[in-house]
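Have a look at the structure below, then the notes.
Order of writing sets the labels: A, B, C and D. Residues in every chain begin at 1.
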């Protein structure tokens, strides 16, 4: 096997804090091993259209602390078709790009797997998703920053909830799962977290709020994952069934931005560098991940066939802590 | 004139960061001058119901950095009636409370003025409002913290707006005015700020977005005061008339909470202490404020008859900066 | 075995963010299982002197977001003597406290082990240390917050280092190890991290700075653990051997304070609750910890006989990223 | 008078947060009026050496939220000599630069005045200094951010001071004055602030600490301006004369960096734009400033002959609040 002379890198799908750190990890690790790096803009779209960004060592010099992604990102409809992937493949080959690192969520990783399966092209995945729903790794890039951002907002809301003695319903991201909601509920000292994975009873939430009020607790925070229910509906239900004054807040897209935390930066550097190692070692269809503090890698096909579930122990802990 | 032996203090209406610092200013200044302080909980409601909190020097020891208000707050319907005010008056007299410091917005200050007008009772106002819409002072307590909180969210959104090349519409507080929106628009580098005080044209905003896109600008932030228009409506209009991908975010109540900034803490201490000075000097119906760096006071009647307008120069500056 | 009716809890040794969350975890978990909790102030000192704090459910209501420890902390010299421990033991028994949760670093955990060994008294350890140097757990409480605090300062310094084109030497905590320095070096994009565990050559650091300058890099950050060398000495060496303008900064005690991160809060809740579970299950000499995302426990004797080493892979990654 | 076609801009002397926002204000305001802008790197040094940076509208697009200065900064020894200024003048004329905006502290503004006096060259000053010691304006750019940065560190230290019941001495910037120290002392709830402008007695500080301890106050914060005394000396004095455990912390250069606050961004935009207005209106030797909320300008000669003093009322307030 000859060593690759040039690899490509994209950030794809929903952006998350730490993508830039991952790009830094990819570029510096590759250069260190004598391999050049071509960055493509706008994810798969940019491969098809040939929009590149030169990624030498200096280009990734000041980006580790920046939110978002200097490579920009997009969801490509064209790449979902065979033709689009065919075009992308041609462009990569024309440009002498011998392997591709894809930083993104499950949709983006599925795209990488297709490239590999259809063209036997070497790819390496780096899990980036504030939702932390990607199997094969304890943490995805961006999750730690997102929960800290949400937590800061929750702490602020608690001030005003306390002052006005109100119930606040705060909706966090998580269309299909409750990782963010559960972690924010625990760390935010919430009275309940409503998540798509578990049956919940708003009637019980209302009962608990009434019991808490009898004990003298006059302000409460309810966290709800967007995929479980919408905050205004929860607010309305609570007001109707408890008579308490309630307010709601939808945190929305601000959860995606901001300077990445130390955790996300180090994670991103490590995964980015490890993805390069994989490619250069001839491992051509794996995703880099962490198991505890250890780096691991799994075949993309395996990763994408699995489902990552929230820790039921944490859910029980939240209930117990809310007493 | 005999020196007052005891004064009361309430925080009333919408809470704002810095209310605790103002309470600290009131308490420590009064104690220094040999006057005790009774804190009432829940604003005027607590006066009527007699819910008090002992406010000695130690009670205000660690509160300067805390958001919200340890005295809690409320909007009292009972106090709006003559009977309610009569009851409040009786309670104050029974308790030997010879004057009242009211920390809050214009509604709360109007209540204080009523107490003074109807019962010749000495009151002193301290302007607390994240909206900064209280006349007679350059700054109200809480405004500086609120705009920094909003700005942090806007900075985060800019990361994701940049990465996805989207237009983001961000709704900030300001039911009747655009102080927050204008300041956030300037400091956040927004392309436009829609405020209730000025005519704006969404059609022009769309034109500007298209012109900017032609120049290569692919992501934009539009700030809108809640009193001007709702963010989802602005988003829909923009998507329809430009074809650009747009998203929206309503910052909501988190703008009310959080550790107060240095500016708000110092302002609050100064205004709280100055309100006490006023009462103890026999000035019995004024609001404390700042004019530049100087402390000033104005009769509450005068303050409440005025209107505070946004600086048109700042509005022009924002347009100019958005080019 | 009869279920314990009352347990005690202390925070001991150097304080760290998340100790309050751990206390919350202990209290709510114990109450849930029908066991009361006595908090002692000032660590072991407070057990000896009998300074207690009532810890019912409400007492831990708003503390999850607070830095420091509401139980205060201290290093007890008296407890280091057999007599002191004898006294502590008597007080615990008098008060009907049947087991003790100790939240703190290795010195504090060693104290707990002594209590167990000398009096067969049930204890449970919760690792709290910003240094992250406690064996038997991937993370100690406070580490994540401390590195994020340090990182924020490093990011700030990078702004001024860039503007003035200077070398900055930043000293972080870590008397005996380089966990904080290594993590901050990686996440802060530092050119080097000097840690006590690894030989380093200042001469090589200077060579690297000169090489980087030739490539056009005009500002650099060097992180140094306090146990490796003092920042002013590193600064002087660099100035002398490179001729570059250098500055230094010692982050010091501010690394101990502040609102805990989401990670530290959840970790602390989980470990606190798990320590209670251990005690109530009759496991009487273990420390709670995490292995990846799983809760684990190990005998204190085992934990304290081990040594936790920095990950050499991370050290190599830092060197590679600094190119 | 013909309208200027091109002006120059530099950031000079110590960097401060908001310099980039000021550059944005200069560039966008100038372009709006049909005037091009040349940015020089490294302050006056870059004028002499001809190091320029193109400053079109896009170049200042994303910089408003960035700390430091994209134009970099320096203190030029060459420019202090007549010859150096002569060279600078020649370069400006060669390049068709008809006026210069100087963003910096008093030394940098003095340089601008020299250019004007010696060559009748049009200059405009923008006050940038975290020390806030520039006369002719209520606020200099960077002060608000610096005090908030210091305050955040102080808040963190208070957590650990509280937990360990210690006295903490925190040294903030301010070589010749106590603006930062006074503001941080007030907003941080400090027991004392030692500043160069006022006589202070460490003996009295120790007495106050002892009195406070008798009242039950077990942790204290003392703020000291670097120009008044060094923190370790204050710490040693306190330990010796009170017997209390004390620690110290020197905040240092991190006070210079970081994202500028809303206040500093808006101030910087306004002053930058107003400086351009001045130049283009033919006012050729003024500094832009704010008086309360109004924009003002004063001749540089006048500004530099004045002295800006701390507000004695704030000093008294701090003493009163520390009781």
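Definition applied: contacts are C-beta pairs under 8 Å (C-beta built on N, C-alpha and C of every residue); 3 or more make two chains touch, one makes a residue touch a chain.
Predicted, not measured: the structure shown is a model, and the values here were computed from it.
Q: Listed by label, which chains are in contact with subunit A and with subunit D?
A: The shared contacts of subunit A and subunit D, listed by label, come to B, C.
Q: Looking at CA centres, what chain is most distant from subunit D?
A: Chain A.
Q: Go ahead and note the Å separation of the Cα centroids belonging to subunit B and subunit C.
A: 39
Q: Please work out the Cα centroid separation of subunit A and subunit C, and write it as a whole number of Å.
A: Roughly 28 Å, centre to centre.
Q: Taking the mean of the C-alpha atoms as each chain's centre, how many Å separate subunit A from subunit B?
A: Once rounded, the distance between the two centres reads 36 Å.
Q: Where in subunit A do residues touch two or more other chains at once?
A: As it turns out, subunit A has residues touching two or more other chains at 155, 158, 162.
Q: According to the definition already given, which pairs of chains are in contact?
A: A-B, A-C, B-D, C-D
Q: Give the list of subunit D residues in touch with subunit C in this complex.
A: 11, 15, 17, 19, 42, 66-69, 72-74, 149, 152-153, 155-160, 162-165, 168, 247-250, 252-258
Q: Name, in rising order, each residue of subunit B that touches subunit D in their complex.
A: 21, 24-25, 28-29, 31-32, 57-58, 61-62, 64-65, 138, 144, 147-148, 151, 155, 158, 162, 183-184, 186-189, 215-217, 259, 261-263, 265-266, 269-270, 273, 291-293, 295, 311, 313-314, 317, 320-321, 323
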